[in-house]
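In the two complexes that follow, subunit A is the common piece, with subunit B as its partner first and subunit C second.
Here is the complex of A and B:
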C-alpha cells in the first residue's frame, strides 16, 4: 500500500510545486517507487518543473474519464529511476476531478507505488480539497510571512476536519511543516517571521527549511527539480528534508545569515 | 440491542425538547438581491467551509421600506444558492414578518433578559475578515433556560476560520486557539494552549462564567457580552496564564 502525501499551503505561489518535484525526486533517489500527481487542473506546471511537459499525451482527467489508462498517462522520468509523473490537464476545469475518480486513480496507483505525492492547487476550493482528501500525510508549505502562515493554519483546520481520515474518524493526517523561501537576513532584520515563531504559531513539527535561493529559479527554468542541482543550498535542504521524512536524523541548515550578509548589514554594503 | 417496547419514551415517534443554538444573524438593510449576492460572494469566498449549510436568521429590524413575500422568496433562493440555509426571521414590522412567514420562514421572538444589548456587545465594532455574520444566541424554545449540557472537549487545535460553540455547557480546548478562530460557550472556557483567536464565555448571558487560558494573546475575550479587544488588553498580562471573570460590569483579567 502506498503512502499518500499532499503538498498544500492555502496561499498561492509559496513553493508547493517546487517542493513536490524535489520531494518526489528525493524519495525516488532513495529507492522508493514514487509518483508525483498534479492536482492543479487548468494551471498544470508540475510537468514544467519536472521537465517533462513535451512528453504529456494523456493526463489525470483523461484517466478519470476513462479516455486513457494509467499506464498511458504516467510519464517515466528520464533522470531518476523509480520516478513517474501524472500530469494535470491544462484545458479542463477543476470540477473534472471527482471524488470517485480521484479515489479510483489513487487506489490503482497504490498497487504499484510506495509514495504518491499530490501537488495541490492554491486556495481552499474543490481542487485543494480533492488533493488533500485521501492523504495520509501532509507537507504544509509556508513562507515566513503572516498571510502565508495564516493560510497554512486554515488549511490545517480543513485537513483536520474535511479529509477522509477526519470524516471516517481514523488516525488524523500526519502533518509536517515545510518553510520555504527562508531568508535569514530578512528574518534577523525583523522583516520576516522567524522559524521558531512559525512553529509556535502553527504547532506542527518542522520537517525542513528551504532557503530563498536563485538556484530554484534557475532549475525551474531548466526543467530540473532543484534537488538535482548539485551543491545548491536549496537542493541540499530538500535532500535533508527527504532524509528526515524517511526517519534519518539531520540537523537543520541554512538558518543563519551568511557572513557576507552579516557584514553587509553592518557596513551597509 | 434495544427493544423499543422496553422503553416507554422510545415507543413514541419523537420527543419534543427545548434546546439553545447559536445562529448567525444577517442584519438586512435593503432587499436589493444583486447587492446582497455580491456581498455574499465576497464573504463566502473568504471562508466557504464556514458558510456551507450554515443556518441563518434574517433580522428585519433595520430594513427600510416595505418587504413582500416575493422579496423574501427571492432572498431565500439566493441564500440557498450560496449554500446558506435561511431558517427564520426576527424583529421588523408586522407586515414584514407576515411576508416572511408567507415565504416559509419562522419568526423568532426576542429572547428575554436583555439579549439585544448582549448581542450588540458581543459583536466587536471591527469586522473580522474571516466571517460575516455575528454569532448571536437565539432561543429556539422558551423552556430551554435550565438545560445543562455536557462539557465539550476539543482535542485538536482550533484553526483560523473555525468556530466551535459549546451550547449549554463548558468548553475545554486542549490545544491552541489560532488567530482567526473563535470559541464560544454558554458556560466557562478553559484553554490549555495559547489563545490567539476569540473566546466568548457566558454566550447566553451567564455573568458567572470564567475564561482560563495558558497564554493570553487573544483577538477578543468576552464574558456575557462584556468584551475586550487585543488592543485594550493590558500589556502586562499578554502572553501570561490568566483568569478572566466579571466583577459587576467590569471584565477582570488576572494573572495566575
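Here is the complex of A and C:
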C-alpha cells in the first residue's frame, strides 16, 4: 500500500510545485518507488519543473476517462531511478477529476508505488479538494507572509473536515509544515515572520525550511528539480526535509543570517 | 558594529519594533477568529471503536458494517452512526 502525500498551500506561487518535484526526487533517491501526480488540470506545470514536458503523451484525465491506461500516461524520469510523473491535462477543466476516477487511479498506483505525491492546484476549488481528499499526509507549503499563513490555516481546516480521513472518521491526515522563501537576514531585522512565529500560529510541526535562493529559479528554468542542483542551499534543505520525512534526525540549516565579512562590517552593505 | 552603522541605526530606530511583529499579531487575531481549523473532535475514532464493542456484545457485526460520519451545518455538527445488522438467520447462529 502506498502512502499518499498532498502538497498544498491555498495560496498560489508559494512553491507547491517546486516542493512536489524536489520531494518526489528525494524520496526516489532514497530508493522508494515514487510517482508525482499533477492535479492542476488546465494549468499543468509539474511536467515543466520536472523537465519532462516534451514527453507528455497521455495525461491524468485520459486515464480517468479510460482513453489511456496508466502505463501509457506515466513518464519515467531519466535522471533518477524509481521516479515517475503523471501529468495533468492542459485542455480540460478541473471537473474532469471525478472522485471515483481519482480514487480508481490512486488505488491502481498504490499497487506498484511506495509514495504518491499529489501536487495540488492553488485555491480551494474542486481540483484542490480532489488532491487533498485521499491524502494520508500533507505538506503545507507556507511563505513567511501574512496572506500565505492565513491561507494555510484555511487549508488545515479543510484537511481536518473535508478529507476522506475526516469524513470516514479515521486517524486525521498527518500535517507537516514546509516554510519556503525564508530570508534569515530579514527575519533578524524584524522585517519577516520568523519560523517560530509561523509554527505557533499554525500549530503544525515543522518539516523543513527552504531558504530564499537563486538556485530555485535557475533550476526551474532548466527543468531540473532544485534538489538535484548539488551544493545549492535550497537543494540541501530539500534533501534534509526528505530525510526528516523518512524519520532521520537532521538539524535545520540555513536559518541564521550570513555573517558579514570584515569590509561589510566596517562600511556597511 | 561598524562606525558607519551608528548613523544607519539612527535612521532605523524609527521602525524599532519591525513589521514582522505587526504581522504576527494581526495573524493571531484573524486565525483565532476565523477558526480555520475547527477540527473533528479527536475522541471520535476511539468512540467509534467503543460503540462497536457494545454492539458486538449483542450481534456480530464487522468493522466495515459500521459507518460513522460527522457533518457540519452552520454552527452545529451532526454525528451520524450507521450500523448494518446481519440477517435474521445469521443472528440466530
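What we mean here is this: the second predicted complex is superposed on the first by the 260 of 269 C-alpha atoms of A that agree within 3 Å, B and C clash if a C-alpha of one lies under 4 Å from a C-alpha of the other, contacts with A are read in each partner's own complex, and residues count from 1 in each chain.
Assume contacts are C-beta pairs under 8 Å (C-beta built on N, C-alpha and C of every residue); 3 or more make two chains touch, one makes a residue touch a chain.
Given the structure is predicted, the values throughout are model-derived calculations rather than measurements.
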| item | value |
| --- | --- |
| Contacts of A:99 with subunit B and subunit C, given as first, second, both or neither | neither |
| A:201 touches, of subunit B and subunit C: first, second, both or neither? | both |
| Dominant contact partner of subunit A by residue count, subunit C or subunit B | C |
| Which of subunit B and subunit C A:250 touches, first, second, both or neither | neither |
| Partner chain(s) touched by A:76 [first = subunit B, second = subunit C, both, neither] | neither |
| Touching partner for A:124 - first (subunit B), second (subunit C), both, neither | first |
| Touching partner for A:154 - first (subunit B), second (subunit C), both, neither | both |
| Which superposed partner A:172 touches (first subunit B, second subunit C, both, neither) | both |
| Shared contact residues on subunit A - subunit B and subunit C | 150, 153-154, 156-157, 160-161, 172, 201, 203 |
| Subunit C residues within the subunit A interface of the complex | 1-5, 8, 15, 17-21, 23-24, 26-28, 30-31, 34-40, 42, 44-45, 48, 67-70, 72 |
| Complex interface listing, subunit A residues touching subunit C | 145-146, 149-150, 153-157, 160-161, 166-172, 187, 189-194, 197, 201-203, 265-268 |
| Subunit A-touching residues of subunit B, taken from the complex the two chains share | 48-49, 156-162, 175-176, 178-181, 193, 196 |
| Touch list for subunit A against partner subunit B, complex | 124-125, 150-151, 153-154, 156-158, 160-162, 172, 201, 203 |
